[in-house]
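Take a look at the structures listed below.
The two complexes that follow have chain A in common; it is paired with chain B in the first and with chain C in the second.
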Partner chain A sequence: MKLSALNITLLIIALTAGLLANSKSASKFLPKMILISGGYYLPLFKDDGETAKEFVKSFYLDSHPITNAEYLEFVKANSQWRKSKVKRIFADANYLREWKGDLELGKNVKANDPVCNVSWFAANAYSRWAGKRLPTVSEWEFAFSKNLIDKIEKLNSAKTFYEWTFDFNESNFQASSACGGAGSSANDPTNYAAFLRFSFRNSLKPNYCLEDLGFRCASGIHVNIHDKILSER
Partner chain B sequence: MNILKNKKAIIGVSTAVVLIVAAVILMFGFEGADSNRIEGIEYAQLTYAPEVPRPITRDYPTKVIVKLEAIQVTGRLADGVQYNFWTFGGKVPGEFIRVREGDEVEFHLENSPFCNVPHSIDLHAVSGPGGGAVASQTVPGHSSVFTFKAEHAGLYIYHCATQPVPLHIANGMYGLIYVQPKKDLPKVDHEFYIMQSEFYTNGNYGDPGLQAFSLDKALAEDPTYVVFNGSVGALTGDNAIHAKVGQTVRLFVGNIGPNLTSSFHVIGVIFNKVYLFGGTNVTQKDVQTVNIPAGGAAVVEFKVDVPGTYTIVDHSIFRAFNKGAVGSLVVTGKPNKEIFSGKQQDNLFYGSDLDKQVQASNNQSVSDNSTVGNSIEDIVAAGKKVFSTTCFACHQPDAKGIAGVFPPLAGSDFLNANKDRAIEIVLHGKTGPVTVNGKQFNNTMPPQPLNDEQIASVLTYVYYSFGNSGKIVTKDEVAKIRAEKQVTLK
Partner chain C sequence: MKNYLIAFIPAALLALAAFTYVDVVNGNSSKQGNQIQSLQTRSTAGDKEDACCKVEEGTGNHSDKSIYQLKSVWKDQDGNSVELKIFAGKKIVLAMIYTSCPTACPVIVNNMQKLEAVIPQKELKKCHFVLISIDPQRDTPSRLKQYAVEKQLDMRRWTLLTGSKNNVAELAELIGFRYKKNSNGNFIHSNLITFLDEDGVIKNQSEGLGQSSNVLLSILNK
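Up next, the complex of A and B:
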């Protein structure tokens, strides 16, 4: 994976935040992670000049999307992410809409349901606090194609549940989104489920907070993110 | 005199000046009235099918606000059949939008917070990337606004253009927008909105319950349902459209597909005018059926002169009969016998010569595959079967005929004298007097609808039986005589 200057900056911030967070022992609230062994997968879109299949390195992925209870620990430790304090530039007015208060879920929100109405900024901050990061689109799609995260469909079976990814709007999807255009650049134009996910991701802005959108965290195969940065430099 | 002359000249000149100025003012004045300057603001009239918003009467462009909400609804696709429709405005098709050429359209797309996918809109009336698709990309619980100039008059499709676009269309996200020309089409008594579309379900046509979208059928372009206005029966029965005898009707027809081209037809109606593809010119007069491509439209006009129910179909007719593409136009009023009489006679009909030839020809075709054995016993046995199903009724089972009515075949001198004549009589019949064994008969024998093989075998059977001369009649002999008087049927 190539790291842009921005990404390195983000990871350094993540590192710092992660170290700070570790000191507050966030880990005891964190979900179990599963090892996703690397391999090839067929991305929905092919880039010019590249082979259809893409290699995804081994990584760890949370076994389930972050729950309301887990997210509550994050806002307890990080007051700037509380409902009443968050800046609109980082999260729109729907942020944690169903929560009763800053530190109170209320009776309509189940502690073990995935947290929703969280922005990309919030999901990213949580990941850093947890010493992790958001999975990339490739990682998420790869794990999904291996049926390793099929749980997401079952958690909220009435509606499709989506998850934030680190690079949610970086694909060339938008450029080719007019009418039938997208089909011709796709590796498998009959994969309508993937089109739905890509189209959802590409309609998002990072401060959006939506009913059906949560997240889970990933980390490199080196559990220590500091090592990861060093190894990739 | 001079002064007078000058006065006249002055008056003449000033009159000319006044006239010129007036003309200039008039010219500029007209241009001003016909300018593209936007005046005022209003909400667009929106109607659900089959209604069409009333004609716009203002003669200047204005700013028009259009608001559509993308919303997902479980509804009726056919009796006992439900589908999770994705809609603009809660129904399929979406609301009919009417604006005027030159209007500035401020388009608001709201995506219901209860939707679980983003939606957008591509209006074919828009000149610009994606017809507004990218500008209107909207996640659930958000709304988007963009503005376009309705520069091109005509009837246009709109549809959702969020990926995967075919799924959004197949689930019901489409409608029509009519950009009324500055000079609107001639006034008619009724305008109606009809939208043809397909649905692809896992179950077969009519399978009850909530039906899921079938990607396989959609890819094969093999719809389970082809419907007008969103469901089977949305344009029939209580939902039929109505007119009175002598009235003029204009249909704004769209076809979204997503796959099929429509052969739009109203049974018993000739379209007086067709604005093909939804354009603004009358492209053809007196038309029976109009092709409407997927993602296209047409405007058709006609006058109804005779009361009754007129069936609206996709004349790719299995879609009408088996997949739901049927609507009704009910016309009430006094009958007009001069234009259409109704049924005047009901008589019996026994078939024509053509029928007999067709029957013989059909049997001939069958015989090409028949396998009567080659031995004389086989031929006689086959002939006996023919005799006892065809000939015996008149000539009697013992072939002795009926005295004075039907001549005998048993020991018949007439028969034994001429084999070719016998073949010809079986083939083509015989009317008039004959003398058989010294007795006169005067009757009619019709041509027999038998094939060559059947005639050969039945004659051979008769010649071999009843004390006759034991001749053999072959298929080829029959064919030769048939060929002499053959009538080719195409």
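Up next, the complex of A and C:
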């Protein structure tokens, strides 16, 4: 009797420890996100026959772009994303160019700087591994619009200029279909920074790795991240 | 003894709960494992490689430029879970479409059928036609099956797939297909037929809707 009670207690301890270990990888990514309350956003380019304003649902956005140190954890856990192993169809030859080795940043790369020279496929894979996703163009532009920029930039290192979005290709499609008169169909022709970002996204291919292009992750507000990670294993 | 019992009952309940939880978690993951394994068996039929390890690697022996490097799992029109690499070994004629499309997609499918009709019988055995939905919400496997019947697709040579939003985005990026959902639920999208070689490398693409079957045949044979 005594023995079996002890056994069960031990079992419970072991199982609890196991479950905690499981959730550890998820919770590690949880605290750095900011709630972006939903609202209306005016896309730079209008769609024919649609109202100009678009509603963006509330979501969480990482307070800072993914760092080299964080990305290192990802490549440790996913060997197919190491510098020497990545497939060219998913990342061009500049992938992690400044890193010294597969699992070594080297002297010139700071652990807390945003990771750059990562492709869209790599950024997307990281986001899913972290139980998150890439923000959409609308979400990104909405979060960085005037009202919210202070909140995010406080924690933002200024090194990356551009960030991947889930549907950069979609903005690409809109922009190219609206391309005829450059800025004529834009909602705010004076928004120079947004023009730059849209034209930059327009020039991207999903396996491009560029030195001023990083990413951060987003997440819906109703998603149980722990469950999501378990279900994707 | 009584004290033991008091301590034992909640402990036993906890253990039971923990076991149930672990069962659920394991049950799910082993189910997924089985799906992928059965797929592996299918895709590598006649291939002696160990199915489990190939899943780990996720790449098989395909070239770095092959779209079969994608590990995403899709559902076909019969509800089977499949990876794109099941198509390895065949020449693939592929289009991304959605079945509720009132305009361009029916033309693309029709063009592919016209192409199918002019490929010589001997060549046809080496070809397979794949339609991939960009509308996961509406295009369930059963809807795809219904579409195949409506369009009278020859299911010996055609497969229809649907997958997650992420699957669709990744594949679209790889083949350079552009699409955007409108507020009315329909899509604006590229009109694109993609030709893959036996290894899943893009050999050619045809953009637009107006190509005759003979033009498409010459593109296939290029």
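One rule holds in what follows: the second predicted complex is superposed on the first by the 171 of 233 C-alpha atoms of A that agree within 3 Å, B and C clash if a C-alpha of one lies under 4 Å from a C-alpha of the other, contacts with A are read in each partner's own complex, and residues count from 1 in each chain.
What we mean here is this: a residue touches a chain if its C-beta (ideal position, glycine included) is under 8 Å from a C-beta of that chain, and two chains touch if they have at least 3 such contacts.
These numbers were taken from a predicted model, which means no experiment stands behind them.
Student: Between chain B (first) and chain C (second), which does A:R88 come into contact with in this model arrangement: first, second, both, or neither?
Tutor: Second partner only.
Student: Look at A:W120 in the shared chain and tell me whether it touches chain B only, chain C only, both, or neither; answer first, second, both or neither.
Tutor: In the superposed model, A:W120 contacts chain C only, not chain B.
Student: Where does A:N169 make contact in the superposed view: on chain B (first), on chain C (second), on both, or on neither?
Tutor: Once the two structures are laid over each other on A, A:N169 reaches chain C alone.
Student: May I ask you to decide whether A:Y41 touches chain B, chain C, both, or neither, giving the answer as first, second, both or neither?
Tutor: After superposing on A, A:Y41 lies clear of both chain B and chain C.
Student: Mind telling me which of the two, chain B or chain C, contacts the most residues of chain A?
Tutor: Answer, by number of touched residues of chain A: C.
Student: Where on chain A do chain B and chain C both make contact?
Tutor: On chain A, the overlap between the chain B and chain C contacts is residues 173-174, 177.
Student: Spell out the part of chain B that touches chain A in their complex, as residue ranges.
Tutor: Touching chain A: residues 113, 116-118, 122, 129-130, 133-134, 137-142, 161-167, 215, 219 of chain B.
Student: If we count contacts the way the header does, which residues on chain C are in touch with chain A in the complex?
Tutor: Touch residues, chain C against chain A: 1, 4, 7-8, 11-12, 14-15, 18-19, 21-22, 25, 28-29, 32, 57-59, 64-67, 69, 166, 169-170, 172-174, 178-180, 182-183, 188, 190.
Student: Would you tell me which residues of chain A are touching chain B in their complex?
Tutor: 94, 159-160, 173-174, 177-180, 182-183, 190, 192, 195-196, 198-200, 202-204, 208, 210-212
Student: Quick check on the complex: what are the chain A residues that touch chain C?
Tutor: That would be residues 1-2, 5, 8-9, 11-12, 15-16, 18-19, 47, 50-51, 80, 87-90, 120-121, 124, 128, 133, 166-167, 169-170, 172-174, 176-177, 206, 230-231, 233 of chain A.
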